[in-house]
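As written, the chain order gives the labels A, B, C and D, with residue 1 at the start of each chain.
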């Protein structure tokens, strides 16, 4: 039903890696961006910011927390201009301090720049050190700042400078760049992260997901190509390549399985349709002799719908969410977080007692939350619990901007399905097969499935992610 | 799936009338009450408070907003004591100012009292004026303050004073009362509002709904009887009657249809079971030749589940909730509120296009939100939209603590089902029959169905609710 | 130089007992009151509030902290009306919670009332108990609430009711009362607390001190008489007596010595003139063979000026105040408070070294702060330190609204001047004589000097102040 | 009496340019720095921050407003380490946004750096552009950031790099620099801005003024020399020169006249002694036949003391400060600011009426506040008002970090003393002569008196201050 789940539920899910929204040519750029980011809030709840070009300068408002919280403290309405970019953040690299909230800004020889980034650069550490050795001073702990510095490397003509900077980056990214005259958008050469182009009357709009285009009333024109750099200015939109068409695209399949909102059209597919199809295939691959089907809220919902429909079984809601769990509880440690997750999801005991239940979730990463859900059903008196996962076993870490657990934390890393079944204490466990995963995707080979297969699309560098985490900023305080 | 819906969704639903939680005999009374109120937050989001008896005095922390918000500003942990009561508030009478947040407190000749109230007193105005004419000074605009004043009327022995005060009240109420030695609980003579009794080890617990007993790990012993006054003190629990057993109970059926959490056991029934049964009956009364069934989130969910199951139709989620709509947006007027409701509920257009859809909701009160939902489905290309309401047409105002619209605002007041169908622009509209409403309730005649039938359980006074609304308090400001 | 001192300096001074300001007949009543209270902030920094009559109701905004802090959180501009009263509070009775911040309001049979009080009622406990036994419910821990309750005692005609209520009160007070039609002002029968009447164009204005009249541009017409009740309504001002002219007035001499702003005209005298005269007399009574005269900031300033002038000695500033000590430091216990007082007052060591210094302060109550000042001068190398106090030894507690130390805490209670000299470690100590105190006051016998003489103007009841302090309110929390 | 005055009083005074405090070798570095900055708050109230070295990294807490306000939001106690620097800020260049609050931090090839700056660099624009053309990215609008960038310019050995960077700077500065191993302190080659060195047990301490050394209990060892770079690390303190001993020092005389706290020892002189001496000399240069002498609070106090003493006239306090004027009033424009200044300074009318008054202030820059003070005295009935200024006519702008008015705003620029007398409406006006200014300073030629004489100590560049003000940051928002 609800395509999104609150932060507390996502404890053993990979965390998203930010949402982007940009607009050029709209007199109320900040208001449009705010509305667009509102539809992307599921991609990051730790920080939000908007930068708007204003004359030759750029003004920015940023803050920690939800978009609405930042707006309540410092209204985005104060930003005047026709062109701007916005960002919602889920920290992947860089500690969670105000200094790391995006868009990042800086002033080089040719003026101000702002940048917003979704993804993870695998060669950021090397590029950062190289720039530092050339005399650059870094102000944040994010890999995203590297691009800002590459943009101002001297002795390169302007347009080429941006393409050259992007070409130097390895890893996963969607970028929005802003200067006093232009809005630019780019997507990594593999197409790992999504970025869509839309129109809103005469204005051009960019968004991480099409649900944000819909939110502002824009039409979805097309997705950016992998390796494409789109530039919008007074002369309109033009497109170049900073990298050649890749031999094989590597669109992140986890966006489809879990991250994206079900009403988005992602990489050419309606997200909810793919998830329902996954559930149907899962029912054929791992049928269950049960009395009813239930979803683990909220991620498993559409797969459960497909599973129930294909199985001719009733789809029932056996979990009750407490929507008011809220952010205000201070939850310092992991144990407290786990408890909180439980507090806000009750079980309909009378509907569970004595029944055989098929429980569907979108994925099983650490397995710890699912384990608690199974235990809750068992405590409520379920006769049998058959767990069905609408994606294959996730056994390999991600290096492309998804805050995946390390190999050791992945439930499926080095363990059999039977090991995991015992761990979560289900009566049976069925994963969707890798073939089932791509079945509803006619272009399944264009997807990165490395977390399921270990087949990574780029040559991994030896970059140590942690080298970027020496964040120096305990906090900026704002009256 | 989720039994609760956020405030913004409830615009054309009646609003709830507060949640109560009390405990006696637990060394961490405040923490237990906080946890219990947490599970009752769906009953009121405008204010929260806890009062704890401490020596001969009573300490109280109260504030506007969600329980977690109040706690973040003034931690309830500061309250020390073994006995206490708590309240979450949805204003029914009295403007929404801090002064009106409960528990209310006052000091009479025999010491401090605190009171928490769920319901609406129909003779509050008259009682208030009588006390004022006897020299009483009122400090809030709530009807609940009347009870505090009746408690301290002189020339009556102690125990009788409470029973006498309760006896004087007409209308709907569940009350929790606290003084330095005792915790008391009472339920009106008709049984309009719910109140359950539980045990938590040696401690006694009271809660508006059993889901709160479950939340704190307490067992559900029984519900309070209509007209019962339960008193807990160092000698344990004892029970008396302040009013005789009524000839006919009048338990609020809207609690069953909409207010209560689906996992509560209410008036002897599991809420979600009743709602599923309503959906099944609705499918038999008003079958629909459609391709799928969908619920209007979140209230219609269990009825939709029953409808789909009985119809052998797939249950699909065609609406996508934005969970981050949040409270931080300042939504000053009705037009803005309507817009906000839309912003946070998207339609899965690709799953709607060209299909015949049965849309199920729990009730139709004003009809304005449902109308927007139907319009959204139509805009997404639905071939046919068949609206099914899992309760009868609500045509009569409520005087018992539910913030029901006035007669003129009720869609069904003086209008035929066909009028309403045209208003919401559905292809067909079917209401559950009054007989269907009580079918799953073996004791259906013990329910107040006045909003559907116009048959009110008490002799209505001429009390003007507005006479209580002369709230004088623009605001208390707290650093 | 500055007549006021910050809270932290006042640790061993008596604390003030609130400031009042009222206006009738001005279209911007709230703005005028805010401005007037601004000039009375020295009389209380713990809370501030304004109540304005609006139609038949009364609206009030109150909060903890400074006037400007309350205004920043909830702007007083929201109060519309032509008549209103305001209050700044220094708690004397009742703990420092929001619930006790004035103006207090309540609704009786004849509508809403608001009350603001400066002073202390010695028979409040007995009156409170009597009303409680008659069925009244008290909502605050303040003695001031007693008047509200007396105002609504039935079976008395309206005008008489107010006079009768005031007549019942014993102790010190200035009161401002507001209902939907009238603004009333009263001063206790002894004249202990000040209250002045002014005009601002056609509007009538009341203020605790004339400096507040000046602040709003009003003229000072006269002071209220002891026992006078002034009433302003649409028919203008009229005055009655609720108590006969007292045989002897008892104006608080500590107002003159310490509380009032030096630019106020108090009880018929310019405050700074009296203080300079006290310093001159002190120089004659206790001359000092020193190199210079210095004041303990800020209270001793005008007396030091008189002392230096009379002695033909240079007046030097040997202490340097840190104006930014601020309120933001959380100072939980007495030790920390003492340390803070030191942090913010440095000594000009190079100007002190080797010199003989006369140090002048307005009064010596506990003596602890003065002791630290003397120690600081000594540490800076002063050759001799001669302490001169511009009032007699304070050896008797005050029961009239001044937060005086108990007898045991009074330095001069049961101790000789020599004991105190040793305690503060001065080379000599001279107090102004009781005769010197009244010398500049032609009407010296109209002043209450009980704290210096033990001669109290009223028959003290056995009222236990603490019986009012059972404050139940840990805090109201405001979002 | 009080050497400092609140922000609102300083409207026509030059504004200060920040305070610095650093410590190396103390286990509670942050607490010591906080205490030291507390005594320097008069040098800047717009922002405060502390950076502490912690392992190889640096942690920083910064915020807008007073030190106590920043501390209340984000306690400095969270900073652990033995070495650190702190800053209080009065914006001279760079708009007043959080991004510009110091210490500034950045990471270069050799790790993290933090910098705190008091002063103004006259060649900052040119240096910034040069670094930007070499590929540097600037993150703030402050001139101070230039030094951070110069520190990381490659191809220079470590120690030389710092000295080389400092050498490149022209203008006024005191700098504190921090990296993982070292604390460094430097003072510009002219000695324009003060910086003192102290010891606190084994720890080394640096402070803008000695009053801060006193505050933490440190001894004052000596002042840094102009052109000196002091470095403290595990090997202790060592000192080098980055610039040769200047032919002529240029210590800012305005520090002596107005900025510094009277209890500081500045450039070898006790500040209050110099100010008293100025007042004495002024009395000889411009005697006044008056009845009394008064100071304009607070700046004129010590000069007035000297004036009165030399003239054998009584020193009287004719102005009364309202200490509660506070920061909470939002004062958007100049007119409102002017009104606020008046609200908080009342005149003792009864002491002024009919008398001839000598009014002493430390300086006359714009003249607008003085004019209002004279008008207030005149309105109170002063017979004659003789204005005496304890410094010469300020006719020339300052380029060294003092936020002086532009030439057009300087009252004395292009106007005669008679013009100014008429402007401020005094009966006579006397300025201290330039000779009188240096009389109490044996080394008077080592002072920059450019604002009085137009004789600037450095070759002024054509640097446009405004080029640094393209601040892009509307605000960072912090939950």
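The definition used in the following text is that a residue touches a chain if its C-beta (ideal position, glycine included) is under 8 Å from a C-beta of that chain, and two chains touch if they have at least 3 such contacts.
Note that this is a predicted model, so its numbers are computed, not measured.
Ranking all chains by how far their C-alpha centres lie from the centre of subunit C, first place goes to A.
The geometric centre of subunit A is 38 Å away from that of subunit B, both derived from CA atoms.
A straight line joining the Cα centres of subunit B and subunit D is 61 Å long. A separation of 49 Å divides the Cα centre of subunit A from that of subunit D. In subunit D, the residues that touch at least two other chains are 69.
Judged by the touch criterion defined above, the protein chains form a single closed ring in which each chain touches exactly two others.
Those residues of subunit B that touch subunit C in the complex are listed here as 56-65, 69-70, 73-74, 78-79, 98, 101, 105-109, 112-114, 129, 131-139, 148-149, 152-154, 470, 472-479. Of all the residues in subunit C, the ones that touch subunit D in their complex are 1-6, 35, 38-39, 41-42, 45, 66-69, 71-72, 211, 214-215, 261-263, 265, 270, 272-273, 295, 297-298, 301-302, 305, 308-309, 314-317, 319-330, 343, 346-351.
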